[in-house]
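What follows is a group of structures, each given as structure tokens.
Two complexes, one shared chain (chain A), two partners (chain B, chain C).
Then we have the complex of A and B:
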């Protein structure tokens, strides 16, 4: 049985993992405590992103090079609504997700007939356009000044201002997203996606409505990206166009390539290893080298494709 | 009234000159994308980085970054040759092992190489914008070659344009009248059939990378001189614009890439001048997306056969 199927059914697997992530904020770590918790929260954000991106290249086999567009869209939607109207995160977040779905479908609909490399280029161009609009429409987004002073997340009227509270909040979202993708993976919808991934024409011939199922994948993927963005904006309390550069898309892609495209546990493992690693590199390397740490990601992608294209936790071939 | 019209038209002419210069550079880069795509159906994302490498090599050889300086012409020639070799090496190390792998694997590898090379340049040369030392550039390049009223055509623009035209003509002759060019066209039509006819596919692909990368490196030096700025991310935007040009012209078609480069250069200069300069990069993205969605074969592209 594949690891992905056991995530929610094998008690021996999920109980220790769940205990570990739940107890993390209470492990005494002295002065390093707040920092470790910050990195852990960031790692969970990237786990959500990796799961969301995985839906399109991993499940349907179409390379998405613009995932950061939805991350940025969610972050800016949530950030601006919060700054202007002081709404609760529980209202802002669904709105950000809906905005993500809207653009995800709008982007996806014209690309249905495109082959793999043209699809990749359109996704890339689309996300660059989103970020370009964010950077230039000062009346809406304040452009390169960024949006500072976004309120922290809240729950039942109380502000979640402790680091562990934000950690538990993103953990809740991660488990929600994880549950959704694991359930979908073994549903009729998931099987349709895998059929499209393996052979689109064959899938169409046996009656899979390729267009509909692709649109659902785009919508779900965009929704998850926007969700992560909305949380990120409320947690980091600042958004800026430079936070959503093309390299972020590649970093998220790197997470799922490393873990294994299409593999849910692989996406989690990829984020679990690589995100703390980037943070460690940022500290360990001198300034001149730390700017070039993406060099390792480039090399990692190339080496994975060369020697282990299915990733660390590959999806088994049926 | 008359002077106003004259001023308008001289602005227009100046933009036209600048647009054609920029377009000829995009065309030089776009040819590299389109040739590689024509032969192995791979979008070589790292091509923009080869162009960046050309600019940095030119800069380093002229300014004595490596401890010695070369005269102008020699520095340009050495950089172009090194870029051509770098392109061949890139193919052998990164892409050749994946020739039989799914296309997605090669595409992801190309992106990985692009990031790797860009950050390698960051590591070697640093992130700040560098400019060519004044004494290393032949002084006549900065002077006007042609003055038509207010319209200035600098010698550098003339050099860029003539170099581009010369290189394109050379490329045309190689592709259409040489043995290796015939082999390239044969592989582009049908790789299996060509190899059955005795064409050494790997060797021809190496030549393709060498030609494309050499042109890309030449474009890098020309742009480095034109804007007098060299920096590690310069290959990123130029690469995208050139790719958009290749798509516009019909990917796989060399005349298409040249025409596409010209159109995109003009669109960028006029769009930046008359519509909005902050969206000048956006024009390339928009053109690219629209062409792919509306007419994926571009202006001159061939219809791709679907897998049966």
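Then we have the complex of A and C:
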């Protein structure tokens, strides 16, 4: 049985993991505490992003090079709504998700017939388009000035201003997303996606409406990306077009390639290893070399391709 | 399976033609399959047998001709009444969408109006309209005219908006527009009607009327299962998952049912696992439920493909060279399997090169050569038909046999 099937059913697997993530904010770490918690929160955000991206290239088999577009879209939707209307995160978040779904579907409709490489190019172009609009529409997004002063997340009227509260909040969203993708993976819907990934013509012949199921995949993927973005905006309290560069798309793609395309536990593990690693390298490397950490990062991916091409936790056993 | 009487007409292909550019791969082939029958389709390599199958289940629909399956036309066959209905729907859609643009812009951006958004919104709306009406454009001249009207209307609105002052209140254009009071109720109507049209345009009947072939997945749901000459399994999935996918068109669970683990969805999942396992046992793969489909032996992959097709609960099963690459023992097993399928009440149309298999199984045989139907009849009749012998062995042999 694959690890993904056991995520919510095997008590021996999920109880220790859940205990570890729940107790993390209470481990005494002295002065490093807030920093570690911040990195942990960031890691959880990327876990959500990795799970969301995984739906399209991992499950449906279409390479998506523009995931950061939905991340940015969610972040800006949430950020601007919060700044202008001071709405609660529990209202802003669904709106951001709906906006993500809308653009995800809109992007999906014309790309239905595109093959792998062409689809990848369109996704890349679309995400660049989103970021360009964000950068240039000063009246709406303030462009390169960014949107500062976004309110912190809140819960039942109380502002969540402690780091551990934000940590628990994103943990809640992560578990929610995890539940959704795990449920879908072993369902009729997930199987339809796998069928499209394996062989579109055969999928049609067993009765899968390929166009519809691709659209559902795009919508879900965009929704999860926008969710992560909305949380990120409320947590970081500032959004700026430079935070959503093309590099981020590649980073998120790296996470799932590293963990194993299409594998849910792989996506989690990929984020768990790579995101803290960038932070560790930032500290370990001398200042002049700190940007070279992406070089090491690349090296790691090359090594992966050489020795574990299917990722750390591949979907299929050989 | 649907309790059809043996001998009832199930599939009727009439003068099916398929051309690829200048090449005619299938020339006016007519063929019938009745419930409970096993029908063979044979012919030398390149005779157009697989192309004909692709026409039947719309992987590559026919250029012309009629295909009726269990009372449904699989190819466009438009009755005047449906055509009129579609025409009215199309016209209504056209009128509504003409109202769309000023509304969308007026309602969404009453005070601040920006040119970029105008261009984006206009091109987006134009795209959707064209997307929806694409089926129309396959149909008749009037539909192209309609399309043209939409594009011109979009262009007109674009010009009007881009040339006008950005302040909606100052435009004054709509104060002259006599139907301005109708616009708000119109907007609501359109908001409700647009998804409805979206659905309407995807209904099989409407697609038929638009001159579209039914999609392959719709044909599968109607009850035509098929296997492929070059095995097309979902190779990285387990055998059980492959067959569960066959259940796809017979199950209904949607996103919310699945995510919320509603009782209906869970029961359906259990049922489809049971039915899939049953299909696998039927073809003799009861022990390989969890094996990866791609790593099964060749003969098992063939049988797995048949199990997957059976899981779609077909009334007609199209088998494309099921015995290819099988040894005599395996093909004997296959003959037995196809017999059992037939006994279960499923009509079988089989393409096969292995004469032993096809002569043994088929009630009737059709012979194709160079895309044309050259003979049909019982196996004995076909075997002694000089045209068939000529097609397979050449003219000299045919003369020698005679």
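The rule is simple: the second predicted complex is superposed on the first by the 307 of 318 C-alpha atoms of A that agree within 3 Å, B and C clash if a C-alpha of one lies under 4 Å from a C-alpha of the other, contacts with A are read in each partner's own complex, and residues count from 1 in each chain.
Quick note on the criterion: a residue touches a chain if its C-beta (ideal position, glycine included) is under 8 Å from a C-beta of that chain, and two chains touch if they have at least 3 such contacts.
What you see is a predicted model; the values in this text were computed from it and never measured.
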Three-chain arrangement built on chain A, chain B and chain C clash or fit: fit
Give me the angle at the C-alpha centre of chain A between the C-alpha centres of chain B and chain C, rounded to the nearest 10 degrees. 80
Please indicate which partner A:201 is in contact with in the superposed arrangement: first for chain B, second for chain C, both, or neither. both
Going by the contact rule set out at the top, does A:11 touch chain B (first), chain C (second), both, or neither? neither
Answer with first, second, both or neither: which of chain B and chain C does A:110 touch in the superposed model? both
In the overlaid three-chain picture, which partner chain does A:257 touch, first (chain B) or second (chain C), both, or neither? first
Determine, under the contact definition given at the top, whether A:306 touches first (chain B), second (chain C), both, or neither. first
Go through the superposed model and pick first if A:282 touches only chain B, second if only chain C, both, or neither. neither
Mind working out whether A:139 is in touch with chain B, chain C, both or neither, as first, second, both or neither? second
For the superposed arrangement, tell me the lowest C-alpha distance between chain B and chain C in Å. 9
Shared contact residues on chain A for chain B and chain C? 110, 201
Spell out the part of chain A that touches chain C in their complex, as residue ranges. 106, 109-110, 133, 137, 139, 179-180, 183-184, 186-189, 191-192, 194-195, 198-199, 201-210, 216, 220, 315-317
Within the complex, which stretch of chain C touches chain A? 57, 59, 112, 114, 116, 124, 127-128, 131, 215-217, 220-221, 225-226, 228, 232-237, 241, 244-251, 253-255, 258-259, 261, 265, 268-269, 272, 292, 308-309, 311-312
Give the list of chain B residues in touch with chain A in this complex. 41, 43, 94, 97-98, 101-109, 111-120, 122-123, 126-127, 236, 240, 243, 247, 276, 278-279, 281-282, 285-286, 288-289, 292-293, 296, 304, 306-307
Of chain A, residues touching chain B in the complex: 57, 61, 63, 65, 110-111, 114-118, 120-122, 125-126, 128-129, 132, 135-136, 201, 246-247, 250, 253, 257, 288-289, 291-295, 297-302, 305-306, 309
